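Next up is a structure, given as structure tokens.
For clarity, chains are labelled A, B, C and D in written order, and residue numbers in each chain start from 1.
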């Protein structure tokens, strides 16, 4: 492979997502050997020495820096992965745009629709290709569901059900970390989980036009972290002091889509029972389909009243054949990130937007913000349209 | 058994539900031998000779009449089962009240909250015990779910999910029967299915305070019945003429309960894939529980994050031990009607309301009508409170 | 209905099964109104006054007696239900034959193949129609599976899997009741559960030709019942004394069928986890089908590699439409007994064997005994053929 | 990272498994950063230029050769992955032993117990650490099941059920490839699938002592490959000529384990409906556990009669926390290979056998051969014990 075909990767923030991006860049070349570029792990930035050490020792980055600005200025860095906490997304993304470097950013893109808009408008104006971490799109069963919808196997789409129930904040004794604070996280479960659901629904069915929503904070206060400070690694709590949870634990939404379909969305971060039960269901005049993230490799599909067929992901589904030779052998979550990396690398190499775009990220953020405004006002609320290139009509 | 302990049953309208009531009255004595009364099938009323013949030959009624008024006047009739089409419920129920006869009425009680109110107020004023056909309450798994909720096993209840998806009207080529006409059926899926879900949620969690809803008629017109007339037995259609569907195929609802819980309801009569998928899920701060009518004898329950336990209905669940000796042996739908009959007979014998009451029926109707009004207005809508004795606090 | 069309029922032994038979006789007329006969509950026999009282008060028998011989001699008794403990089956059945009365006997028909043979040969010689309580045959999903097999939808049948896992004896602290004693029960789980599985497989696939089996008694001793005596109602135990379990807790079997198919059977009465998990799976060259008693109303069916379709029992399945109007509404276990009663009554009325016959009962017993002999000898063991009319080829 | 800590990998045969090994070696360093060694992809051997090109371009090997002997002689190769067709395993493994190079070999290790014995004895005599591709062991849910068994949560183990049903050869029109020929593949589904099940059961429960088995070839002939030759890439067939399938499509086995447990095994490569349904169930006196490869990340567990809990793999399960941060996020099949690679690398680095050993591979082969002999003779057959270090007692 010629050096000119290699893209140097700069990773900003070394955590779980940073590791996933790093693995995915390397794996992309193995699963998509025809890709016109290969990724090389060049520079990782993290304010924390532990993170930098992990990047060198475990992930294999050639160089590490404390300040992401140094990374962006490094000529060895051709593409950037933004895996920092949410509250830094806007600042870093705009800096990446200023540096002229295509970026792959985790979701939620911004803490608000406004931050997301700024990122999207800037990247679009600069002509950069981008990628947003809407990983669930890449599950072969979701790809197959979308193909069935687009090819009319479900008839005219009538309604959608999306529920994203998790338990990661279900323990009321867990610390009041940054996730629960507005200035750090923005919204709560709306940005963290619902945004995935909104994107999935828009990706499969089309743009959401208006919403009626309600939100609740079922656990209104939590113990402060032990040191009294919010730290991403801390899980110890101060038994004597509590603080207010500033964003929502739960949201439910009625929605109307552009094409006439309607839908229900629901999400909780404090459900006990489901672990990561992220379910997408699409109903039409000829059939319906269902998918659950916890059973990543299964699709439920019915196109007549006899009932659902449980179809294991198989070589015809999305990019499944890139990973496994036959149905019944499971792809894992990390593989979805490999699909994402491959789409991003191909987008950069070919100069056209194939991966989920910043416009998609902005659109999900507008739907999320509309839900929050609706919940506050108690009224049906229109979702503003976004500019730029969404990928809902991507083949 | 002494004659004085026997209650003569009068059945109005001989269809599927009429047969179920008849079987249930007889089975009640077998499964609840300690009941202070036994039922005897006295008189069946049906305008159709076919129905009357079936009542005599198959169901074993001693006498049949064409006009229900004659039945109500018969001194051998002590209790009345109202199984007629919805549009006659009000008229018949009020006549039963006038005749001073306790009645067991199928749901939806009236075509509207107003009709339901009239029935409830009249029966209450007359001091009659009643029963409303909210059969799903009687599933042992639902009874167990309610017990868990009431005993605090789920902690404080935070949210509810109810979905009632059926396919009975999914075929667009099926005839425009009475179900689709406002003056005959009242609402569509709201009265037919959602009312069950509203009652279940109120029975388990408590009164619904306000709602935001949307409704849709996905199949706006259907072929007229062959004869051009609406007939309950006709399934032939006239290929050349169609008529407008006048009520909704689909409804989704956000709800707030009195006690602070919130919820999502959804119902469709045109879903393809689910047959009769009626699901109730209750979430609390300590756990959650799920039930699906299609798996009548199973309860999903989690009271810690390890995940759901699939619990087969067993002797400790509701009235299960009246029917089966051990877990894993299934009760069927008809058995739920036997529980209902036994509750009604005991209510009559003891002169106190144990079965689902007309006030419960009215309350479900108010929530249903509020959903319809909300869907029409696009606003959050309060659910009026009802008078009379609801049974939500029944032990 | 003319009196001459009524058959007087005599019930021998009033327990759970006795109640089921009684209900089923009455319900048969409601669900099968075209039956040329109706059943009337005439006489119940039970040595225990509690049982006799229940028969009169709860079940509605006109007369009760202590001695079953008195029942058999009663001219009002036209047909007999034999629901006594296993060890009395032979004696009572032979007496019923001597009295010339058609009988419906619970399974296992005898404690051994020899007892079953005697019953079958006697009834056949007397020209009596009979019924054996192989109730699982009557589940609509099983009927549909058999129809699919017979019509070739699965291709040539290659192999069968049957597992019957229950927990009714899983608690080692439960008393050493008659079930665990050879002279009372005969075999253990082989007669109690495996016999059902053997019949189901023979009913759906055909005669079993030879077997290789192993048996185990995982809980070799149990506490004696409190009074030191074996009593069917006792559950108290004597904490200080234990006795030996004389029959098997577990059996597994390899089998070869007449037509070339092979199979695996497994059964346990001490499994913890399954409650009454009785599973029948049939595989062929074109597809496969699966059924689990715990999900009585579901059939899993695949006729191409895309995967199993979960099909809810629906009006086309067996006698489903006699009970419920649409898919998704559950039949229960008791309904299977109603199908059985209707088959028996029709057999008696028409003088031809439609219900599972004593030859079927004998054939299941021969396969069961062959498994026990194989387990004892450690060799493949041929299953003797039986005489008389099996119903495996019934349409 | 110092050069001395890097092990050069030599891959023999570049197919699906070769790619998996390659990915896994690299990923091991990311998921197990504390490993004292890192792997480097040095040399790949494949007689086919297509395979060699893929190794260089997609997998990143520095050098490729046609002859595996050249690879074994290369001083840059420290460890060897043997991913060739079965019939070359023995020859290559013995050559690797002769070259003194630790190897990771795919299963079945040999075409027969005798070949497996030769490999195991040679490697053991040479003091080499090894790894055998029993990947299912590494599923976190299986690791958790084994932990539960070893810690007594299931009580004394009484019985095991293993079924491995696949459809990869279900189409009778598919070509007669090497899989169906004795001299190439050895046995059929016994070596290909059952050997996995035998290893899993021995890993979790202990050594199998004796077996009674039957085998069947349901599809006795298949079309010859188009060119008349067996080629691993060919799927075209010659419509006019067929050849005999020389090994079994189906096997079922009764087994007795050393510790007193018993079990049933069943495997098919021609089942229609299951795709890769590999199920392990373990029952004991206190509970039971179930796992299905198709739902890799789920464990069913019951330790009281209330029923099975569906537990998603979570950080406490095996090496799950090396891969995912929380329950509900799926590991995939390729991740199991990463666990395997890490075990192998650690074994090599520390000079002690942690990965599944050649003795384990031999033991599985002895059980498999005993099943084949039993099926041929129709008798219970003892499983010979093996020498060398099995890892069943590994912590």
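What we mean here is this: a contact is a pair of C-beta atoms (placed from the backbone, for glycine too) under 8 Å apart; a residue touches a chain by one contact, two chains touch by 3 or more.
As the structure is a computational prediction, the values presented were derived from the model and not from experiment.
Enquirer: If you take the chains that touch subunit A and keep only those that also touch subunit D, what is left?
Expert: A chain counts here if it touches both subunit A and subunit D, which gives B, C.
Enquirer: Work out the mean Cα position per chain and let me know which chain is farthest from subunit D.
Expert: Result for max centroid distance from subunit D is chain B.
Enquirer: Interface overlap for subunit A and subunit B, more than half of numbers shared or less than half: same or different?
Expert: Homomeric contact, same residues on both sides for the most part.
Enquirer: What's the distance between the Cα centroids of subunit B and subunit D, rounded to whole Å?
Expert: Each chain reduced to its C-alpha mean, subunit B and subunit D end up 55 Å apart.
Enquirer: Round to the nearest whole Å and give the separation of the Cα centres of subunit A and subunit B.
Expert: Each chain's C-alpha centroid was found; their separation is 43 Å.
Enquirer: How many angstrom lie between the centres of subunit B and subunit C, each centre taken as the mean Cα position?
Expert: 35
Enquirer: Could you tell me which residues belong to subunit C and also touch two or more other chains?
Expert: 274-275, 305, 307-308, 312, 327 - these are the residues of subunit C that touch more than one other chain.
Enquirer: Under the definition above, what is the set of subunit D residues touching subunit B in their complex?
Expert: 305-312, 327
Enquirer: Help me check something: in the complex, which residues belonging to subunit B touch subunit C?
Expert: Per the stated touch rule, the residues are 1, 16, 19, 22-23, 26-27, 29-30, 33, 54, 57-60, 166, 168, 274-277, 293-297, 312, 314, 323-335.
Enquirer: Quick check: in the complex, which residue numbers of subunit C touch subunit D?
Expert: 158-159, 161, 163, 167, 170, 172, 212-214, 216, 218-219, 250, 252-254, 256, 262-264, 266, 268, 270-275, 283-288, 290, 300-305, 307-308, 378-380
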